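Given below, in the form of structure tokens, are the structures.
There are two complexes below, and they share chain A, which is joined by chain B in the first and by chain C in the second.
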Partner chain A sequence: MRINSRRRSAAVAGGLGLVLALTACMPGDDEGTEGGGGGEAAGSEECEPFEQYGDLGGTTVSVYTSIVEPESVDQEESYDLFEQCTGATIQYEGSREFEAQLLVRIQAGNAPDIAYIPQPGLLQTIVRDNPDAMVPAPDETEANVDEFFAPSWKEYGTVDGEFYAAPLGANMKSFVWYSPQMFADAGYEIPETWDDMIALSDQIVADGGKPWCAGIESGDATGWPATDFVEDVVLRSAGEDVYDQWVSHEIPFNDPQIVEALDEVAGILKNPDYVNAGFGDVTTIATTPWTDGGFPILEGECWMHRAANFYQNQWPEGTEVAEDGDVFAFYLPSMTEGTQPVLGGGEFVAAFDDRPEVQAFQTYLSSDHWANEKAKMTEAGGWVSANSGLDVENLATDFDKLSSTILASPDAVIRFDASDLMPGAVGAGTFWTEMVNFFALDKSSQEVADAIEASWPAS
Partner chain B sequence: MDYLREYFSWLFGEIGDFLTNATTTPHKLTLMVVVILLFVLVMGGILFAVDKPKRVPRWAVTAGFVGPAILAVLFGLVYPAIQTMITSTQNRNGTEFVGIDNYITAFTNPQFQVVLRNTALWVILVPIVSTFIGLVYAVLVDRTRFERLAKTLIFLPMAISMVGASIIWRFVYEFRPAERPQIGLLNQLLVLLGLDSQQFTLNPPTNTFFLIAVMVWIQTGFAMTVLSAAIKAIPDDIVEAARLDGLSGARMFRYITVPSIRPALVVVLTTIAMGTLKVFDIVRTMTGGNYQTSVIANEFYTQSFRINEQGLGAALAVILFVLVIPLVVYNIRQMRLAEEIR
Partner chain C sequence: MTTTPLPPQGVAAREPGETAPEGAGSGRRNGLQRRASIATKKLSSPWASLIAVVIALLWTTPTIGLLVTSFRPEIDIRSTGWWTIFSNPSFTTANYEQALFGGSQSLWTDLINTIVITLPAVVIPISIALLAAYGFAWIDFKGRNFLFVAIFALQIVPIQVTLIPLLTTYVDLGINGTFWSVWLSHTMFALPLAIFLLHNFMKDIPPSLVEAARVDGAGHVKIFFRVLLPLLVPAIASFAIFQFLWVWNDLLVALTFASGLPNVRPLTVRIAELVGSRGGDWFLLSAGAFVSMIVPMLVFLFLQRYFVRGLLAGSVKG
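Moving on to the complex of A and B:
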């Protein structure tokens, strides 16, 4: 799956309620600086890049997203300069029920101006089901995307040859979290190949430890972290061409190569010697919240936890994420020499109106200018972009720099999260639930693949 | 129809915008005047109608009282119900007519068969168990010294929302390996007894029973209250006569108490059954419908909104609707019977 604050926050909703209440009480400070006429509030030098958008004073652009507190704070701050210089107001609304509510709003004729859609599959569904709702991206946005993004990213925002949505943030999912201190004390090396990683796991078992910990519980989206693991393995064991065929259903879901990948996952996550360090037996993977999945690393009970770059935000407060800190992540090694498959994700900026201020904002978000602005506003780290105009030095943490470097590496073969590309019945349905059954009911790889294939929509 | 819908959504959009989005001062003032005028108009109309009762024909009065309710029911209930039935015969996004394909899927796909089985378990177990416990409890505490306290205790869960109750019970069922400090009450008890801790919400099919326990916990209070009132309403002379005839204890309960409160029992059973058919919150909060615990209402939401299979979702809603109808009919008939007896 993808970065989704809704899910993360859903798991900690109790504690977050307080935070929400607190932040809801103090919206004042950035309101004060904005809302003036065109270009009077900020310095003229800062505003120079905004001249191309013209004076948008008095206009409002509504933005609807799945990015909620705390991430939304940085997100909104990154629009301040745009608001000050152009005079437009950005009306930001984050929702934990984004995916369901966006469709409802579109069907009710009440679509937002702009929505950040994290699943290209959903983007396609919207365009095909509601032909008049979404507006193709303006030429300026397209020019930005051509300049700053790899062609595959543009492809994900394109439906039936028409370019609609530019990428916003990105995430990099092929990471394994570990404790540098524990590795150093035990004399373990960071594995360079898949076989090294398995050998290391066996070594840890031989030394009396349990190497892996995992958790895939995520409310009504339970199962998605396991789909990421499977996708990462398919990308490594079968290669990116098979991956593409798998996503587009040119080969069935229960193709032997996919079943093989599931077996490979089972070899790690369903191996009672390997898991579930700190939580219990294999079935606890299904009930452990994904937000807590890596915590046993901090207690020295678990050695490795495969999770995306945004897991960085899940570590308890005070955890130092650094190569010499409490936790850090290494790249999930590839299975063949000389390739660097990367599983990624991200949001896409779709517009439902073509007023000038909407198009201006769309264009701004696709620019290198915004990417750097956002990087500067994300003081605590936890955000990267696939925008090649992003200056890595602007990123807050070493870890974000690592993520960004891997995403931008010329060797990287980046593929988008498969479950976000597949039809909803699979990608947000049976793929999740069958992965839960994979662990909870000990269904075999073949049974899981067969069940998902059976649920693939006919048309 | 589409044109009408568009027109209404535009009209309501404009009006709603005017009524809720007052940002400038003149707009706010105009809005104030409009609202005052509306108030004067409505109040004036009412006062006028009250003052001149003879001038208003009977049909107008009837229409005035019943009309709004009928309109609301038509718009809010009948229209969506028909729309849902139509949607249920269409494909994922309503572009194609598929006949009864969605219903066939709902009844033949193993995934949905589990859902139907669970719903059946819920509808059978929750009313029977909670009514039984409620009845026995009501009889046991009836006319004892601590009746009020005992009743309050069992009634308390009624005051907790389904979601709240589910979160409480999630903590009760919370799992940790036996060798670790426990968070869950139930597993702590097991560990104290020297047993292994259990994954209560994970292992089917028993996990459904643990979810059902939550609903029973909530509904027992309702059953107890209604039945207790019914028991108190049994005329003293009947009880007296029975006692003179030598009835007591279990036989009194079997031959006097239960037959006397039969209408109340039926109403309680059917009311709880209807509530149970619609259960959604408990399943969604505790397991999210995972681990084979899903029920129709939860699956309907998942299909319609998360997976965006609107035809299938609508079909599930219609199945739920059809299942509720006999219960509602029976419930209403029993209530009428009870009223006639009174």
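Moving on to the complex of A and C:
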């Protein structure tokens, strides 16, 4: 009996000791005291545009994005004025695992206040699978978007007739990078039409060079740079109406017009006379990192490399991106006279809470005020927006100004990256892998299109 | 009371890995020695040495390549392999500078976060598992075996399955995004194996020791701290190394529960972000990887004695 009771009390004592030791490490509630008093400190003139948001002192808005350093530094700096003037604190968090982690957080009831979603397809998935998670954009935000953005941009942030997410930054993917010096030395002109571009390629071959270089390796997303090329060509050869039908699967993926576009791509990227300058034969396209795909231009081995505007930040340090510098880009020409198709991308600001500070921040991000603020903060360049209130002069580099001008041009027919709009199984799945097979295994255009069509989820 | 410590010390002096059975006859011991000498002879043949050297080279080459790469200039990393260093040597510490101090927050802060995460995530499961293992080994209660099997069966639950339910619970408790959620998660995931290993080791301690202590008037607490704990040091050390390496290198648990906020995120999360939003800075990974490798490597080098010994003692023997 005695042993028994002693035993029990010992066990209890041991357990208690452990619990005490563990609770002693509990973090205190000493966070969140800063940022409250800053409301009136900032200059009154700078803060005038923020009066509409009211005093948000002591509040915090959490932002979750796929933008990590170094780009995130400029992002965070562009919120400083908002924080100073309204007193709210923006808690920024970027992760490369954003797409997967966002879904985990939503399902666990731990959604951030605001998320920048880079794919309209993901936006739709979230709204349809978790009907209560995302809240529609407030009226002020919608008014901003109506005022500053083209209707197609608003459309991408709308799900089933309800407007959720305003566009943030934009990508402009219809670019061909080249070396102005090499072009000048050889006496080549920048091609104005698609046929000019093919003629120029043939000219380069005749002069003993290899015109194109490319790389589509990108870790577990290998293949995406090639999907952009295909999309650009579909937009040019078949037109934007067919493009829309293709994205929404009103026409099958192996429609003859799409196969024709794939053939057009093969005519450039699978032409052994054209590629792969500086790397080797056609199959090296599949194994070359997309970040390095254009580097042979710097060594004078490659003439043209089709890549998006954000390729600007991939050039090695010390490369001068300018019309009279080491590299620059021209608009990927259209196939028909008088149209200017542009393949674009971008992030959308979705909110998971409707507290006043969240709505205020959402509205601020959709305004021309923020777009200009962000442009000024991005000293090194590499950021543009489709916001028509953005003053081009605030952009840092000539190249960003060019991107922005094309995006804002009234002739521009902007279509969003198709692989970001298609269902995940295709847009982030077979479209990528089949493009790898297209190059690595030399699959024909028809075979590739058939394989992707077969993988399209039945709905 | 004060006489009890003697016997355990005598046992502790003996190497746990080489405890010869007390009752073994001299003939059996001769046989053992003969076999040992045959094995020694076989293992020390020149061929065996050659194979060992080749394996060692094969295993070290990628690590050396990584080390060499981490000191090469960016443009060289992107264009050629590390082996070209022999014909065209050029070194720089720029990668380390950029990896360590290039971000808005230096890598040291993340290193400290990792340490803050790792130490409790090693100490807490071992403390709990020691108590549990003692209970399973030396306290007779109803359903003991069933409970023990049930706990070890939890080992087969994949942690990925538990992520969302656990995160939901943490959100309800209000501790998500703090160190607490990471410590607790690592503790939960470690406990089944920890209890199993330590229990097996405790079972191997001769019951006569515990009985002798009990006759001398020692209770459970005294037996646990004075008799068993000194004997358990190798087993504890071996599991601590396991758990340390696992927690130090963990990305999934930290990413899910600690979130990527700079004040809690560990080194692994930071290194995963080093490559930049679009993966353009992948050349920094080799330098980042080496920074995160240094501490576990030191721990392993200093504690590897226990590593091998404790493993044999805990699970294989008996």
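As a convention for this text, the second predicted complex is superposed on the first by the 423 of 459 C-alpha atoms of A that agree within 3 Å, B and C clash if a C-alpha of one lies under 4 Å from a C-alpha of the other, contacts with A are read in each partner's own complex, and residues count from 1 in each chain.
What we mean here is this: a residue touches a chain if its C-beta (ideal position, glycine included) is under 8 Å from a C-beta of that chain, and two chains touch if they have at least 3 such contacts.
These figures come from a predicted structure and were not determined experimentally.
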Which of chain B and chain C A:310 touches, first, second, both or neither: second
Touching partner for A:257 - first (chain B), second (chain C), both, neither: neither
Touching partner for A:219 - first (chain B), second (chain C), both, neither: both
Partner touching more residues of chain A, whether chain B or chain C: C
Touched partner set for A:280, first chain B, second chain C, both or neither: first
Touched partner set for A:397, first chain B, second chain C, both or neither: neither
Touching partner for A:429 - first (chain B), second (chain C), both, neither: first
Contacts of A:109 with chain B and chain C, given as first, second, both or neither: both
Chain A positions touched by chain B in one structure and by chain C in the second: 104, 108-110, 219
Chain A-touching residues of chain B, taken from the complex the two chains share: 6, 9-10, 13, 91-93, 95, 111, 175-177, 199, 201-204, 284, 288-292, 302, 305-309
Contact footprint of chain C on chain A as seen in their complex: 3, 6-7, 10-11, 13-15, 18, 21-22, 25-27, 66-73, 76, 91, 93-97, 101, 104-105, 107-110, 218-219, 289, 291-292, 295, 310, 313-314, 316-317
Sites on chain C touched by chain A in the complex: 74-75, 78-79, 102-104, 120, 124, 127-128, 131, 135, 139, 163-164, 167-168, 170-172, 176, 178-180, 219-221, 255-256, 259-261, 269, 272-273, 275-280, 282
Chain A residues within the chain B interface of the complex: 99-100, 103-104, 108-110, 125, 129, 219-223, 279-281, 283-284, 286-287, 424-425, 428-430, 433, 436-437, 440-441, 451, 455, 457, 459
